[in-house]
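There are structures below to look over.
In the two complexes below, subunit A is the common chain; its partner is subunit B in one and subunit C in the other.
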Partner chain A sequence: MDKKVWLTKEPIDPNDCIEKVVRNEAGAVNTFIGTVREFTKGKRTLFLEYQSYVPMAEKKLAQIADEIKTKWGNTDTAIAHRIGRLEITDIAVVIAVSTPHRADAFEASRYAIERIKEIVPIWKKEHWEDGTKWLGDQKENKSYAKNMPSEEDMDHD
Partner chain B sequence: MDKKVWLTKEPIDPNDCIEKVVRNEAGAVNTFIGTVREFTKGKRTLFLEYQSYVPMAEKKLAQIADEIKTKWGNTDTAIAHRIGRLEITDIAVVIAVSTPHRADAFEASRYAIERIKEIVPIWKKEHWEDGTKWLGDQKENKSYAKNMPSEEDMDHD
Partner chain C sequence: MINVLLFADLQEAVGSEEVNVEAEGLSVSELRTKLKASYDLTNLDNAMTAVNEEYSDEDTMLKSGDTVAFIPPVSGG
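== the complex of A and B ==
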């Protein structure tokens, strides 16, 4: 796999991202892993579904890696996001950023997860004990009552 | 392996730490990985050696995990630190902290690496192209010209 950012229906191994960014110039790798949590505000999740328009999502992930390089300079970034059905504790996303020194690795990794939730077209359907709901953008500012969002909904950045 | 914090002479797989902290209540895992960097302030490192008084170091690592639980509440922390000879890009330390929400995972993981460098008795010997040096505490505020630090030197916290 040559890509440094990708979507996949298969389980993600954090090492797939970490190994892509470890290098002679780096002394620090920060990895953020998002996992499926059972309870949110007292509500029990049974499982989740993520859907995405893959080519657009991968383009946006690549944009985030570029933004990090512009902001922090000597960085290398790998991001994998899973789609499809995920069970409780499954890994939904892995971000790995390597930098010479640790402060930058922490900041850039944090930046990456916030940007993923802002600009990457990946939608989450929550399957709760008492029903389901498509959540809109991952910041959850927008919800879609019945269906997947339309292509127009994805024209933001 | 039941321990959640440990020292080892073997290569560390980040998954060894990550798997110990993934759990139903957590939606976020932050992992910090320290690797051996080739250049520091223009000086080329050939390889490193870490030495430690293992029981005391593991006790201090456990203390850091406890501090994190006290400060951030619902957390789970695993830390592995390698000792012995390490080559360029080898993993020296892995920290994984899981929390319900991501902000806490980033903060607690950052706290852990700073505390490791402050209070854990692990010494680094740099092997440069032009010589060697035992570095003192990992904050590098203190250096030991010739030898390993004495037991008295380790009586700080």
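== the complex of A and C ==
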């Protein structure tokens, strides 16, 4: 596994991401771990199903790592996203960012998860007790009809 | 032929991950219209498009062998 961003059907070990960004110049490694929540607004999720347009999703994850490097300079970013069926508490996504100082690592990992929710072609299907639904646009602040997501979308989130 | 990739609710509406469409020389927008005439895709207009794995404009012209993916609003993370 030489890639620093990837999709996988297997459970993700956060250490796999951390190991890819640890380096001599770094004084901070910040990780974000996204997990499967049981209750959303009182509604119980039984399990989730993630689908992806894998080759494009990996390109977009790599693009996010590049954007982070452009914005914060001396950074290294690893991102793993799981696809397929996930149970409650399973890890859906792991982000690790290393930087010389902690503030940038915190900010950059927040940036990465928000950008994933904007531009990476991955979809989540909720399975509830009484039905199913493919979710879209969780940020609920923009219609993507006729629009391409842009980096400017992120500036004031 | 143009390879059209469908995901999430669009894939379930069509019943297939991929369909081949005669759309050489059409724009993305015209392909969209053609698909809506052939399938019951009420949510197609909410989807962005990617041509050959990059987000594209509606006026991008398609050529034989292109892969066009319709990208519903994403929900990863």
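The definition used in the following text is that the second predicted complex is superposed on the first by the 136 of 157 C-alpha atoms of A that agree within 3 Å, B and C clash if a C-alpha of one lies under 4 Å from a C-alpha of the other, contacts with A are read in each partner's own complex, and residues count from 1 in each chain.
The rule is short, and it goes like this: contacts are C-beta pairs under 8 Å (C-beta built on N, C-alpha and C of every residue); 3 or more make two chains touch, one makes a residue touch a chain.
These figures come from a predicted structure and were not determined experimentally.
Colleague: Looking at A:Gly34, would you say it contacts subunit B, subunit C, both, or neither? Reply first, second, both or neither.
Modeller: Both partners, subunit B and subunit C.
Colleague: Check whether A:Lys125 is in contact with subunit B, with subunit C, with both or with neither, and answer first, second, both or neither.
Modeller: second
Colleague: Tell me which partner A:His81 touches in the superposition: subunit B (first), subunit C (second), both or neither.
Modeller: Only subunit C is touched by A:His81; subunit B is not.
Colleague: After superposition on the shared chain, which partner residues are touched by A:Tyr50: those of subunit B (first), subunit C (second), both, or neither?
Modeller: A:Tyr50: touches subunit C, not subunit B.
Colleague: Just subunit B (first), just subunit C (second), both, or neither: which does A:Ile113 touch?
Modeller: both
Colleague: Mind working out whether A:Lys59 is in touch with subunit B, subunit C, both or neither, as first, second, both or neither?
Modeller: A:Lys59 contacts subunit C only, not subunit B.
Colleague: Report, in rising order, the residues of subunit A that make contact with subunit B in one complex and with subunit C in the other.
Modeller: On subunit A, the overlap between the subunit B and subunit C contacts is residues 34, 113.
Colleague: In their complex, what parts of subunit A are in touch with subunit C?
Modeller: Per the touch definition, subunit A meets subunit C at residues 34, 50-53, 55-57, 59, 81, 92-93, 113, 116-125, 134-138, 143-149.
Colleague: Within the complex, which stretch of subunit B touches subunit A?
Modeller: Per the touch definition, subunit B meets subunit A at residues 13-15, 18, 22-39, 88-89, 91, 98, 100, 102, 105-106, 109-110, 113.
Colleague: Quick check on the complex: what are the subunit C residues that touch subunit A?
Modeller: 5, 7-9, 11-12, 45-48, 50, 53-58, 69, 71-77
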